[in-house]
Amino acid sequence: MDRFRMIFQYFQSNSESVMNGICGLLALASVKIYTCLDFSCPCLPHYNMAYGLGIMFVPPIALFLCGLILNRQSLVMLEEWRRPQGHRRKDLAVIRYMCCSIMQRAMVAPAVWIVVTLLDGKCLICAFSGSVDPKKFVGFANATLAQAQEMLSRVPCKEDELMRNSTSRRAVSRYLRCWSQALGWSILLILIIAVFLARWLAPCFNQAALLQTRHWSNYIDIEQKIFEETCCEHSRLFAHQCILHFFESMRKEIRQHSFDLPREKEG
Amino acid sequence: MDRFRMIFQYFQSNSESVMNGICGLLALASVKIYTCLDFSCPCLPHYNMAYGLGIMFVPPIALFLCGLILNRQSLVMLEEWRRPQGHRRKDLAVIRYMCCSIMQRAMVAPAVWIVVTLLDGKCLICAFSGSVDPKKFVGFANATLAQAQEMLSRVPCKEDELMRNSTSRRAVSRYLRCWSQALGWSILLILIIAVFLARWLAPCFNQAALLQTRHWSNYIDIEQKIFEETCCEHSRLFAHQCILHFFESMRKEIRQHSFDLPREKEG
Amino acid sequence: MDRFRMIFQYFQSNSESVMNGICGLLALASVKIYTCLDFSCPCLPHYNMAYGLGIMFVPPIALFLCGLILNRQSLVMLEEWRRPQGHRRKDLAVIRYMCCSIMQRAMVAPAVWIVVTLLDGKCLICAFSGSVDPKKFVGFANATLAQAQEMLSRVPCKEDELMRNSTSRRAVSRYLRCWSQALGWSILLILIIAVFLARWLAPCFNQAALLQTRHWSNYIDIEQKIFEETCCEHSRLFAHQCILHFFESMRKEIRQHSFDLPREKEG
């Protein structure tokens, strides 16, 4: 019992580490889903961009909402916000701190998805292959504009017979992948620099206030957990008393009624 | 309970070993990312160098910042630096020691990335294939300078029809890979010699001072961990008292109201 | 608890076995790096020998220094050597024994690398293909000396069009690989005989002195580890006391201020 109590206590006291774990699992899941997904560009002029940008931006929205749903702290924050004013005063800074930490954790998985799709490059090639200037590539020199558009829209499909073994297909594909990876690394770098500044510059300003806010946000979390446990314990005791009371009264009733029954059963 | 406490204590007391583990994982991750990344040189004269050097130097910056962000000691150091002067005097040597150890650990993963890209050679071939002197290779003898430049920029793309099965493409590629690997091994050797000198010469100088500094940096880390744990414990006790108080007063209220209810429930 | 403590104690007491493990891992890593490395000889007259010999001898130096850096005993030895003379007298034999065992372990991985490169033969073919006497092979009979040198420098590149499907290329290559493997096996045999003699003849001489030296080198290692652990334990106790003191004084301050608050909380 002591062993399990200690593990529970560990996870209860460090609620932040559990949230970090969930956030990391979501990020891993987003990478896993992307690699498992059979991404196949339609290679039709009017569908390419919608499909490519859809794959790039719809799953991140879903992952962001998942992150908000799975985060236990979001409920704690909402209840703290809506609770009636009691002896403990409501501190807006605590609610803001909790909101910030929830948002930050929920945005990790979408950011990972977008960066992974950009580093892979397939989505961006599918979305923007029709927007490339055909004059930049030698293969489209002796084709009309409509033909070039048709050919460019088929760039993402390797097996298409119009473009199979075509050097210009590979050139366009390489050009777009280069842009996609450059964009992906830039976004990643910007995000990491932002996180770095937020983490290294925050302690240089109001460190004491931040520590106090963090302590109170932790306190609210712990209070709610202990309240739930105590409620459970309390209702179990109450239910126990009720059921004992019911059996007591049932025994009394049986005893009262059994005077009407034949005497064999009672013995 | 004792077993888990011992593991926790092990990880808590040896914070350095945890940091070493994180640093090793980052280094492995950098190798893994490089092997997973679909590196495809654009083979366009003005993009090659930017893309090759970008892949070689942007991820190391990101990895370096990641190393600083993930290192728990960096926060400890910042808080030690910013804390108000109390009874324990602030020692600059301790902060310098912590800063050094953080920097060293953060620089492992970027160094691994750069050495791996140089030993692989693709990035350097992509970046500098256009800068090779075409006179050194027989294949470009009867080509104008512009043609030679165009051909050289396509050296990294094996499947390009202009250069497919061309011996000069392979010769340029081999020449650049040879330089790349030579550079990679040289950097690796220099880094290892630097680490070796730092580790073997340090004890020959002020060994006692170093040991003392290390002990104090360890002490600060432990102090902060125990402080956080005690805060958590303190707020749990406080929440417990508050909730017990709430249930006590609730029971009183129920008892007061239950005069209106039938007497059976109260018993 | 006992189980984990036992594993920890095993690794702590048997420092030699940990060192053996690290030494074996380094040897495996050297083989792994060699097989992963994309070795491509430049096939240019002035670069071949530098590249071949560089690949053969630069990594072993790096591996040797890595072996010294990773070996925890090297620091123990340096500190034993530099420590001030106390009640325990400094024994030069112990330091010499530790130095020997460190050197032996650090030399395993470089020896493995050199033997593997020689048994594989590519490096030696690349380095010395230009130094072969062309008169020995029929293919170079009707070529001038400069032509022969040019052709010989391209021997390591299979796909080079000058030498493709050439019988003389294969003959030179076979000849050099034969020498390379002969050298590799010879070095391996000499090393194994040396180890064998060192292990079988050493106990025939001063066995008692050797055992005593080994015991003392072991003692120094254990002493330092227990010292570090005790330091950690000591600073944990000290931090605990400091924090308890802080909370005690905080409680007093709260009690003093709480005269302004309603009396219910205080009870």
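A, B and C label the chains in the order they appear, each numbered from 1.
Operating definition for what follows: contacts are C-beta pairs under 8 Å (C-beta built on N, C-alpha and C of every residue); 3 or more make two chains touch, one makes a residue touch a chain.
Keep in mind that this is a model prediction, so the values were computed, not measured.
Counted as hops between touching chains, the shortest connection from subunit A to subunit C is 2. For the copy pair subunit B and subunit C, the superposing rotation over Cα atoms measures out at 45 degrees to the nearest 5. Of all residue numbers used where subunit A meets subunit B, under half belong to both copies. The two sides are thus made of different residues.
Taking the mean of all protein Cα atoms as the centre, the chain whose own Cα mean lies nearest is B. When chain centres are defined as mean Cα coordinates, A lies farthest from subunit C.
We define each chain's centre as the mean of its Cα atoms; on that basis subunit A and subunit C are separated by 43 Å. Taking each chain's centre as the average of its CA atoms, subunit A and subunit B sit 23 Å apart.
Under the contact definition stated at the top, the residues of subunit B that touch 2 or more other chains are 3, 5. On the side of subunit C, the complex with subunit B involves touching residues 1, 3-5, 8, 37-38, 40-44, 47, 50-51, 54-55, 58-59, 61-62, 65-66, 68-69, 74-75, 78-79, 82-83, 157, 159-162, 231-233, 235-236, 238-240, 242-244, 246-247. The touching residues of subunit A, when paired with subunit B in their complex, are 2-3, 5-7, 10, 13-14, 119-121, 167, 170-171, 173-175, 177-178, 181-182, 185-186, 188-189, 192-193, 195-196, 199-200, 203-204, 207, 215, 218-219, 222-223, 226-227, 230, 234.
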